[in-house]
Amino acid sequence: MIQPAMPKSWYAPTKPHKFCPGCGHGIALKALGEAIDELNIQNRTVFGCDIGCSLLAWNFFAVDSTQTHHGRTTPVMVGIKRSRPDLLCVGYMGDGGGYSIGSQHLLNSAIRDEKVTLILINNTNYAMTGGQLAPTTLPGQKTETTPYGRDVTKTGYPTKGPEMLAAITADGAYIARATVAKYRQLRTFMKRALQNQMEGNGFSFLEVLSTCPTNWRTNAAQTWDFLEDQMEAYFPVGELKSPFGKGEK
Amino acid sequence: MVEKPITGSRKAFMTGNEIVTWAALASGADIMFGYPITPQNEVMHYWTRLAPRFGREFLQTEDEISAGFTVCGAVQAGRKAFTATAGPGNVLMQEPFGMAEAMRLPVVAVIQQRGGPSSGTVVYSQQEVTLTAYGGNGEGHRIVYSVATHQEIFDYVIKAFNTAWTYRFPTFVLGDGYQAKMREPLELYDPAERGIQLVPPTPLVGLPGAIGEDREPQHLCNIYSLEEELYDAVLRLEKDYQAMAPLVVEWQEKNCDHAELIVVSHGVVSRAADDAVQALRQEGVRAGFFRPVTLRPFPQQQLREALRRSGAGRLLVAESSQGQLLRLLRQELYGERVPIDALLMPGVGIVDEDIIAKVKSIL
Amino acid sequence: MARIVEAYVGEYASGKSEIAINRALELSGCGQPVTLVDLDTVEPFYTLRPLKAWLEQQGITVVGSGQEESFGLGETGGRIHPAARWALRREGVIILDIGYGVFGARTLNLVEGAQADPDLRVLAVINTARPMTSSVADIVGYVRDLGRVDALVSNSHLGDQTTPEFIIAGHRKVVQAARELGLPVAFLAVEERWREPLEAVDLGGVPVKYIRRYMPAALW
């Protein structure tokens, strides 16, 4: 039987993975896996995953992994990194975990220039719990808790995480936003977000614009349209801060 | 080579919070995570002064949730890590403490109880008994040492690290604002000189060896799909906890022979109770003294035996809360017919005269 | 009589407040007004507050908040009484009780005119039962970090477990440290109960003050 090519750092016994058809997590995790392979860091990476759909990645990789509570992956990764600076700590979370319930951890770990890599999947909703408002839900977007569309006068505007983090981090931080719609760029950013930790330059953060057809109730074409037209219009893709040159737009 | 924090042993005159720091240093604690809250601040003040001298680390986190979770991360990385908190901080830390129960993380936390509910006072109370013993959305699979003297703070912080790393349940040293700030003489010692072997930490992640060749990857998880899976997991926790309980349970019993009434108290109140019972005995009043040192696991067998042996017809609970020890006692003594009286002074100190007067009003 | 202005600094729980109270009481009969100033800022626990009313009955003016003027106790520790800032403008004897903290004697910057006051003496209270000041080398290093110090006060004890041997051994370390620092030892403070055992002991020419312990009654 012919198997699709998998990164070496993926954990084969847990494949096929458990994400929905059309979900962007698999693409983001493939980019992460390929970056781990390319940098040859499988044996010293610790992967931490949050609650929400990111939880489904808890045994995704053939790397030491630990699962935490909603929003708390960042402090667990910080605790490991502070204790074992030789390890490469990768926190993997959703927009709710990073920008809402765990926002104080994200913000303060960035300010303290913690030498961890945080990857945040932005799919504009709380998907695991059935599609509620997330900090990243677009204005007017319907969710189960914004049945008439997100009213920014009542719930504010979507969180622009990388922009915020770029403003508060020290030189040496790596802050970028990628999209699963541009795989080669995504993989490059993923690699830089890891390399930045390896070199000890500073805090590393990558937001990944992703897809959630299940909760968006979109077919394939509509899914890509929402991602490429509406999300990218609100959340510009590119490197906001990078020790590796000027930053790619 | 970094020198030992304490060589041999020596007398010192210190506050409880400082002792926590020295004991943690002597225990080989590698790193502390903390967030300021009264009355535990001097634990951090002295840890941050001393830790660099002995190659230890510190991080002041953004809040107590983070302090608890960074400790969880550090112990997974195989480092002896601890935190200290109180009151509302203890409430916030129940979330990481719950994860530590589920994942068998040897987290050590020192709790210096302050008055509650809410911000309450920063002074003193014994109102964090229920929270520390049974907080979180689990079954209270923790070890809670309730200390009474400065010497005990030193002894039990050292013991807490060993208990945590031996049995891998979160372990607490429960003090209070009085003990945190009071100053008393005690003996500081190098545990090795007392024959205390420090249990070495072992990592859960970042293990040696190439994945796929030398070993499988480690996948740690605290969530289950099916209720049956969780059920099995909790039963395993319970089984391990019950197997451990007789090995860690501690208590103190004094003057219980032929006692008519046994005074039950814990922590700093037990000092007043001890004095009161001795004074009462001198007056010919047949009072006895029982103190659970571990509130979890509770020395219920030992208390039942003390009751039977003494023939005491009454118990008196004295505590600085509105019945948190009393509730534990009722639960642990279920089936005993002995009536329980109570001297309950939430958030207020209890002295020997209070207990003597109460005993006399009963007998 | 010369104006007396003394500031007591030192390690946490070294006995600063106890010495300050005893000194204020000792001087209260000298014919000049005596003012005791509470400058304990880092989470004070044993403070002058509970003793304020009693001290004032003894004729001492206490600059600092009493219990009823404080709020939240320990968590308002960072507050100093506004009058403390102007304490050096007062008539008579002034005793400043400086709390512990990483800033040491620099807490005196909070008091107007402290730098220029010709009569101010900064005294570092040393108890060798405190682990940070338990050896001669520790004391020397510690005092050098404090900032300005004019003399040491020898105050080694173990509370209820004090012995004359402990006092004497501690005192000798303080004397040795003072020599290395080029500072005098202003006095040795011991509880009244040790008067007899210490009478025949060579204390290196340091005067002895017999004190009473008031602070155990001063929780919060």
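The chains carry the letters A, B and C, assigned in the order they are written, with residues numbered from 1 in each.
The rule we apply is simple: a residue touches a chain if its C-beta (ideal position, glycine included) is under 8 Å from a C-beta of that chain, and two chains touch if they have at least 3 such contacts.
In this text, all values refer to a predicted model and were calculated from it rather than measured experimentally.
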**Chain contact topology (line, ring, star, complete or other)** = line
**Complete:** Chains joined by the largest number of C-beta pairs are A-B
**Inter-centroid spacing, subunit B versus subunit A (mean Cα positions, whole Å)** = 39
**Fill in**
Per the C-alpha centroid definition, the whole-Å distance linking subunit A and subunit C comes out as 57
**Complete:** So, in whole Å, the Cα centroid of subunit B is separated from that of subunit C by 35
**Item:** Residues of subunit B that touch subunit C when the two form their complex
**Value:** 10-15, 18, 22, 38-39, 41-42, 45, 49, 121-123, 177-178, 181-185, 188
**Prompt:** Which bits of subunit C are touching subunit B when the two form their complex?
**Reply:** 12-13, 42-43, 45-46, 72-75, 102, 127, 129-132, 134, 157-162, 166, 219-220
**Prompt:** Which positions of subunit B touch subunit A when the two form their complex?
**Reply:** 30-31, 33, 57, 59, 61-63, 65-79, 81, 95-96, 99, 103, 203-207, 209-212, 217-223
**Request:** Going by the contact rule at the top, pick out the subunit A residues touching subunit B in the complex.
**Result:** 11, 42-44, 46, 48, 51, 55, 58-59, 61-69, 72, 74-84, 86-87, 104-105, 107-108, 112
